[in-house]
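After this come two complexes, each holding chain A, first together with chain B and then together with chain C.
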Partner chain A sequence: MTRTPRGLRAAALGVVLALFVTACSSSSGSGPAPSSTGPGPVGLNLEVVSYPSDAAGGTLQLVSSAPWSSLDPARSIYSSDWDFMRFIFRPLLNFEARPGAVRLVGDLATEPAVPTDGGKTWKYTLRSGVKYQDGTVVTSKDVKYAIERPFAQDVIDGGPTYTLCLLSPCDADGVPAYPGPYKDKSPDHLGLSSVETPDDQTIIFHLTKPFADWNFVMALPGSTPVPQSVDQGPDGGANYQQNPVATGPYQISQYEADKITKLVRNTNWDKATDPFRKALPDDVVVTMGISPNDEDSRILTNQADSTVEGTGVQVSNQGTVLTPQYQSRRADGSTGTLRFLSVQQTVAPFDNEHCRRAVQYAVSKSSIQRARGGPYAGGAIAISTYPPTLEGYQPPPDKYPNGPDSTGNLDAARSELQQCGKPDGFTTNMAFANVKKEEDVFQSVQQALARVNIKVNPAQIDQDGYSDVIGTPTEVKKRGLGIINTNWAPDFPSPYGYYHSLVDGEAILPQGNINTAEINEPEINSLIEKSLTATDRQAYLADYRQVDSLTMDQAGIVPYLHERALVVFSSRLKNILFLRAFGNYDFQAMGVNQ
Partner chain B sequence: MTGFLVRRLLGGLIVLWVVSAITFAIFFMAPGDPAVAYAGRAPSPAAIKATEERLGLNEPIPVQYWRFVSGIFVGRDYVSGADVTHCPAPCLGYSFKTNENVSELIGDRLPVTISIALGAAVLWLVAGVAAGVVSGVWPGSVWDRLAMVFALAGVSLPIYFTALLSQQAVVYKWRWIPAIGYAGFRDNPLIWGRNLLLPWLCIAFLYAALYARITRASMIETMGEDYIRTARAKGLRERRVVLKHGLRAGLTPIITLAGLDLGGLLGGAVIIEYVFGLPGIGKLAVDAIGGQNLPVILGVTLVAAAFIVVANILVDILYVVVDPRVRLA
Partner chain C sequence: MAEPIVGRSPRQIAWLRLKRDKVAMAGGIVVVLLVLLSLLGPYTVVKWLGHPPGEFHEDLVDSNTGLPIKPHGGIDWSAHFLLGVEPINGRDLFSRIVYGGRVSLLVALAATALAVVLGVVAGILAGYRGGWVDTLIGRTMDMLLAFPVLLFAIALAAVDPGFIPAGRIGVIVFVIGFFSWPYLGRVIRGQVFTLREKEFVESARSLGAGTGHILFRQILPNLWGPILVYSSLILPTNILFEAALSFLGAGVQSPTPSWGKMLADAPPFATGDPTFMIVPGVALFITVLAFNLFGDGLRDALDPRGIG
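And then the complex of A and B:
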C-alpha cells in the first residue's frame, strides 16, 4: 500500500473545498425573521389580483412533484388537480375567478340552481353553443352520462362519491342500486332515472333526500360532460383518464403520467359562452415528477412560473424566499386546511372530557406553530375549528385560552386533571407520520404535556399508510392512540362539506374515517342534519358556528393551526389570483410576460 | 459450455423465484386490507367490493401467488362480472390506486434508466481504465498523483452530494444548461444528451474513481510479471506490451466489476433519478415505496433482480472468453 504524501491530501481537500465554496456563495443568507405577531400579508395581497394583465401569448410553465390523482374528471381527488382542470373542463358550475369570498357561478350551466321540493329537486339550464374539442355540441344528456359514470365504482373509482346515494337508493353497505353506464341495460346507457333531461339544454336532478349543498357538488369536476361515443369505446372507461375530452379553452396535446402534461388551445372553445375564463397563454406545460427542491430552484431562477400543489416552498428555501428580493413574488395564502390534534374518547383516560380539556390547555400552540414553519409558512394559531376563509366565519370565543403567548395554560390544565381524577398525570400514545414536520410537532406536544405530567409516547406511522391506520377506529383503539396528529380540508368550501365528515356522528366510518375523534353528540348531529333542508343561508351559517362551539365544548379536537403555505412565483407571472375554494392560485387566470 | 449455461440459468431462475415469493409474502404481511389499498383514497364500500372480486383477493394466498407467477409467463385475465380485462404476458399486475399496468409502467421507464446506466458506464470505463492504465504504467508520476487525488474525491464524496451540488452550480447558479428533465433519444438526441450529461458525469465520477484505482493496482501487479520483461526483451513496442500483454491480463477483475455494477445500475440509479427528476425505474421504485404501492415495488424488484442475475451470468461467460486460464465450473 503506497502512503499518500501530505501534498496529495492537501490537494484532495482543496478539490472538495472548491466545490463547497461554489455552491455556498449562491445563497444570500437568511432574511429578516418574520414577526410572530399575527400573519399579515408577507408578500402579495391576496384580496386582489396581482399584476393584472390581458396580454395574450407565451407558454405557462408549471411544475409538479406528484402525478395527477387522475385526469378523468370523475376520478380526481386533489383540489390542485381540480384547480388545473379549469383549463380543460367545464362542469355545470364553477368558482368565480375572483379573490375574496367564494362565489359559485354557472360554468356549463347558466347559473346555480335554486332548489325546490324541500331541497330535493335541482334544475339547471345549459348555455347554448358549448362544444367539445372536436366540434360536437354538448347536450344535457352528456352531463347525465358523466354523472352516471362514478356509479360503476369498479371502473370509475377514486373520485368524490357524494352523488351516489343521493341519486340512487343505496343498500346497507352503501352500494347504489344503479350499476353504472357500462352495465346499464337501457339502449342509450342513460338509465339513471333520478336525472331528467327533457331537452338538450335542461337537466333536472331528483335527490333521494334534501341536500342544501348540491350546487357545490355540481361544481366538482365530475359534472363535466363526457361524450358517450368516446367513453363506451376502447379509449373510455378506465382508459378515459389518458386522454379526456376538453370543453374548456385548452385541450391535452401530450400526457405522459408523472412526466409531462401539455395543453394547447381548444379552437372549439367559444369565449362568448364562458363566464370567466380569459385563456391568455398559447400553451401550458406541466413538468411532473420533479423533486420539491428542484421545483423551488426552477421558480426562483425563472425557469418555471409556479407549482401546481401550492403546498409551499421547502423549509431550506424559506430563508431565501423571505428576503426582500422576493417580496413581490411571494405570498402566503390560507390553504383551507385545519391542523389539529384529535383526542380519542374511545381511548382511556380520554373518555373523561376533563382529561381532554387538560390537553387543550397544556399544549403550547406557539411551539407547534414554530415546528410547522412559523406564522407565514405554517399558519395562524387556531382557537376553534371554523376556518377563517370559510363562508360565515366570525371570530369565535376562546374556550381554552392557551396562555399569554399561546404557550399553554398550565394552571387550568392541572385543574382539569384534578377533575378527571388524574392529579398525577397519566401516559398515552400519540400518532404522527414519519415526516420531519410531524416529528417536530410530536416533540412539541410531548414536551408541553410533560409539564403537567402527561407522558406522551410516540407512535410513528408511515406517511402513506397513515390515513388508512387513523381512519380505522378499531385500529386506533387497538393501538391505544389517545392523541392523533392530523388535518382536514373539505372537498367543497361549504360548512356542511367541512363539518359533516369531521364531527357528525353519522359520518363515523369503519374505514376511511375522517371523524377521528369519533365525536357523536346528538345536538351536533341534529344541527348538521337540519342544515340540509335550510332555506335561510344566514340561519344555516349561524347553525354551523354553533356546531363549532359545541365541538370545542366536547374537546375532542384540539385545533392548532389554520394552515398557510408560503409560495413563490416567477417574475414574469401575471394575474396571480388566490382562490379560497382551493386554497390555491387560479391557474387558468394566469398569464405570462414575454 | 452448454452445461454451464443451463446450470447458471437454472440457478438464476431459482433466485428470481425466491425473490418473488418473499416480496409477494410481504404483500400480505403488510397492515391493512389489500382491497382498500388498491381502491384508492377513502374508497366507497362499492369500490372495495368490486376490487376484491376483480383481483381475486378472497382466494387462498397460494392460489393468488400461482396466478401472479403464471401471469408473468402467459398473461392473466381479471374478471369483474361480465367485464374481462386481459393483461398480456409478462403480466405483473396493476398498481394500487391508479390501476396502471405494472409491466407497461416499467417498460415505459426502462429506457430512461438504460440511457443513464449505459451512458455512464461508457464514460466511467473509458475514463477510469485509461486513467488507471496511465497511472499504473507510470506510478509516482505527476499524472498518477493528480489522477489519484480525483479518484479519492470521487470515491469519498457521496453521490447525492455531487448530484445536488453540480445541479445547483451548473443549472441554477451558472446557468450553463437549462433545468434537467428527460427527453427521449428518438425525439431529439442532442437534448437527450444534454439532459443526461450531468447525471452521467456524477455517476461516472464515482465509478471512474473506483475503476481507476483498481486498474492501477491491477496494472502495477501485471507489469511487474516476468513475461512483460520477456516481451520488452523481444523488442515489442511499449504500447503493444502495455495494452496487449499487460492490460489484457489485468482486465478480468474490471470486467467482473463492470458487469455487476451495470447490472445493479439497471435496477435504477435511484438518487440520480430522484435529484434530477428523471423518470426511470429507480424513481418509480422510490415513489412506489413512498406510496406503499406494492404491485409496483414487486415488479421493479423482480426486474432489478433479473438484471443482476443476467449480468452475473454474462460476466462469468466473458471471464472465460477473456482469460483462457479460467475453466468453466
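And then the complex of A and C:
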C-alpha cells in the first residue's frame, strides 16, 4: 500500500468521535467524566443533529485557509476535502449523514457489498437514473474507468492508492502491472481485467488478495464515476481537477485555485436516487486562502458559516469562543487523531524496553494537554492507542498508570530506569516542529522527564520538512532522535486503516514511514494479516484491541491525547451534523437561515 | 574669573561633561542596574522570590484557555509573581525577564567585543598600511555592509541542528559580531589615516620606533574615544538584533529565556493577556533606550569640539 507524505496524512483526519460523547451526554454533560475520556461536550451535543431544518435556499459561506489538495476525486487526500466533495460527487458507497457511529451506505451503488470468494470478490449494483451534470446516464463502465485512473501515477497522483496492488499484481517496488487508462492498449481504455462490468448497472472487483475493508476504500471519492469522453480530452487527465464533472446535487460554477470555489445546483441530480443528501442551500461559496485568524473572525461576526478544515479556532480566539455567549455556536468534536510521542528503539538507551517504559511513566500528560490547548481545544488524555471514536473501542486497561491527575508516576519511572540499568538517568534528543504548540509540548516533556534525571535536548525541525525527517528511519537514527512528537489519523475509519500504517512491521518504509516507532512485533503483524480475511466482525475488533494492548506492552508509543477541535459556527447555520468518519462537520447537510 | 586656570586631562574633561549631562547619567545608571540585575539577579532576587525561570506553575493558568487565572497576566505580589506568569505553562515572567536579559546582554556584549576587535585591527591595518591592504579591507567592508545579514542569519540557523544551546548562542554572537565590525572599521581607518601623518608619529618614527610601537603606543591611545562611543552605540543595536533573530525563530531556542522569543510567543495571547507582550517589550525598550542615551552622552563628552 502506498502512503502519502506524513504531513498530508496528519491533516487527513480520519476515524472519529466516540463512545465517550455518548457517555457524557447521557449524564447531561454536567458531571465530570472519567479522566481517560475527558470532560463532556462544551457546546453543541454532537450525538444529535443541531438546529435541524429542511428549509432550502440561501448561500452557504465556507472559509478555508488552505487550497484543496485537489478537486479531482482520485487525487484529493485531505479528509476535509473528501467531506466537501459530498456536495459534488457520488462514489459507490458513502458515509451515512447521521451523528454517532460510522455507517456505510450505498451512494451510487445500492448497498455495501458482501464479499465472496474468501474476501476477494466484491460486487456492487448501481442505482438506476443517476446522471452527470450534462444529463448523461452514469454506467458501471464509468466507475471502472475512474478506478483505473490512479494506476497512471505519473498523471493522477496525490490521492490514496489502496486499490492499486489489490487490483493488479505489483512488483517488488510496489508498481502495479496495469499502466493506467492513458497507456491502456485496449480500444475502450478499460483493460483492467480484475474489474468486471457485465452490464451497465453491475461492477465486480476481483482482488489479488483478501481485503476486509474494501467497502471503506469504495467510500472514498476515488470510486466516483468519471466520464471517459471528458477525461481523454483536453480537460481530462491532469487537468480534470480544474472542472470535474458532478454527479451530486451541486456542480462547480467557478473555481480559482486558492481564491474561491462556487457551487450551484446540478439540475440533473434527482433526490429520489440519493440516500441521504438534503441539498438545502441554493449555492455554496468557499472563500479560500485567508489566514486562520481571519477565518475565525469572519465566523464570529457571521460573515461566514464554518471553516472547511475543522481543525479548531486559533489560540487567540479560544478564550472568546469559550465564553457563555458562544455556547450555542461552538462544538468540540473528536478529530480521530491520536497525538503521541514515538520512543525510538533504534536510539540507545531506548533499545531497552524499560527505558521506554520509564518515559511512559514519567511524562505529565496533563501538562501536555495544556500545551495542546486544554481538554476542549486540545483533546482528551489518552492511555492507549485505540481512539474512543473507532469501531470496537472498549475502555482499555491503563498499562502505565500516570498518577491520579496524569502528572506522572515518578516512582514507577525510577524503578524502570533501574531495570534499564540507568538509575542515574540519561540524555536524549526530542524532535518537534518549530511551531508554538509543539514547542510547548517539548517543554512539558523536558520538564517532566527532568524529574527522573532524563535530560531531553531540543531537536527543533522546520515544520515543512518535519514529516520527511521523522518518516526516514535512517535519518532518525543518524540524528539520534530518541523521542519524536507526532500524530496519526487514518484515511478510512476502520481499525485496519488505523493500525496497519501505525504499528505493522510490514509497513515500515525507508521514506514516508508512518510506523515512526518502527514497531515490528511478529504477534502484531500476524494479527493484522489475519484481519484481512476476517469474516467475524466481533473477532476482528477483539483482535485489534489485542493489537492495541501489544503496542502498549512494546511501549514505543506514548499516547497522550485523543485530539479534539474546538470550532465555532455562524449563528444562522442550521442542520449541523458531526461526521465521525472525517472528524469534521457534514458540509452537504448544512443549511442557512435566510 | 579669578580662579586660577587648572590644567585638565582630556579624560577629566570628558568625565566632567558626562557628569553634567543628566540624561546620559540617568541612562548610565539604568545600564548599571540592568547589568547588576543580569549578573547577580539569578543568585539574589530570583532566588529570594523562589521561582526559577523554567519552573511550571500550571495551577495559575486556566486549562481551557491557557490564560493566567489572576488578572493582569497573573501578577500576584503576595505570591511573588512580580510581573505575572506566562500563558499555557505558568512560568514566572520576572525570572524569565532577568534570565532573558542575561542572554541578551551576553550575546550583545560578546558580539560587540568581537566587532570591536575585528574593526580596530582591520581599521588600523587599512589606515596605516594603505595601498592594496587598504583596498582589500575597504572592499571587504563594503561587501559585508551590503550583505543581507538577517537572511544569512536565518539560513545559518536552519543549517544548525540546534542540539546544543551554547553552540546556538555562539552562532548568534558570530553572526552579529561578524557583520557589525565594518561600521567601526571605517571610522578607525579614517582616524588612523590622519593620525599617521601627525608630528608625534613622525617623530616616533624618526627616533627609530618599530611599527608595533607606533601602532599600539602612539596611535591606539588616540582611538579610545571613537572605540568607546561606537561600542556603546553598537551594543543596543546588537541587543535589538538578537531580539529580532529570536523573534524570527533564528535565535536562542526555548527553553532558554529570550526577550525576542517571548515577544514572538505573545501575539496569540495579546487580547486575553496583553501583559505577556508588554513586559518583554518594555524591558527591551528600556534597555535599548538607556544604552542609547548613555552612548549619546558619551559621544558628546568625548567630542573635542564640544563645549567644555
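Here is the rule we use: the second predicted complex is superposed on the first by the 557 of 594 C-alpha atoms of A that agree within 3 Å, B and C clash if a C-alpha of one lies under 4 Å from a C-alpha of the other, contacts with A are read in each partner's own complex, and residues count from 1 in each chain.
In this section, a contact is a pair of C-beta atoms (placed from the backbone, for glycine too) under 8 Å apart; a residue touches a chain by one contact, two chains touch by 3 or more.
Small disclaimer: the values here were computed from a predicted structure and weren't measured.
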Check whether A:D462 is in contact with chain B, with chain C, with both or with neither, and answer first, second, both or neither. both
A:E439 in the overlay: touching chain B, chain C, both, or neither? Say first, second, both or neither. second
Now for A:A238: first (chain B), second (chain C), both, or neither, which partner does it touch? first
Partner chain(s) touched by A:P388 [first = chain B, second = chain C, both, neither]: neither
Touch count on chain A, higher of chain B and chain C: B
Which partner chains sit in contact with A:G319 here, chain B, chain C, both or neither? Use first/second/both/neither. second
Going by the contact rule set out at the top, does A:Q369 touch chain B (first), chain C (second), both, or neither? second
Enumerate the residues of chain A that count as touching chain B in its complex and touching chain C in the other. 462
What part of chain B is in contact with chain A in the complex they form? 31-33, 36-37, 39-51, 53-54, 80-83, 97-100, 108, 139, 145-146, 148-150, 152-153, 156-157, 164-165, 167-169, 171-173, 175, 178-179, 181-182, 274-277, 279, 283, 287, 290-292
Chain A touches which residues of chain C in the complex? 54, 56, 58, 61-67, 88-89, 158, 161-165, 249, 253-255, 265, 267-272
Seen from chain A, its contact residues with chain C in the complex are 314-316, 318-320, 322, 366-367, 369-371, 373-377, 429, 434, 436, 439-440, 442-444, 446-447, 457-460, 462, 479
What part of chain A is in contact with chain B in the complex they form? 2, 4-5, 7-8, 11-12, 15-16, 19-20, 22-23, 26, 67, 69-70, 77, 153-155, 157-158, 161, 164, 173-176, 182-183, 238, 256-260, 287, 289-291, 293-294, 297-298, 300-301, 303-304, 462-465, 467-469, 471, 475, 511-512, 514
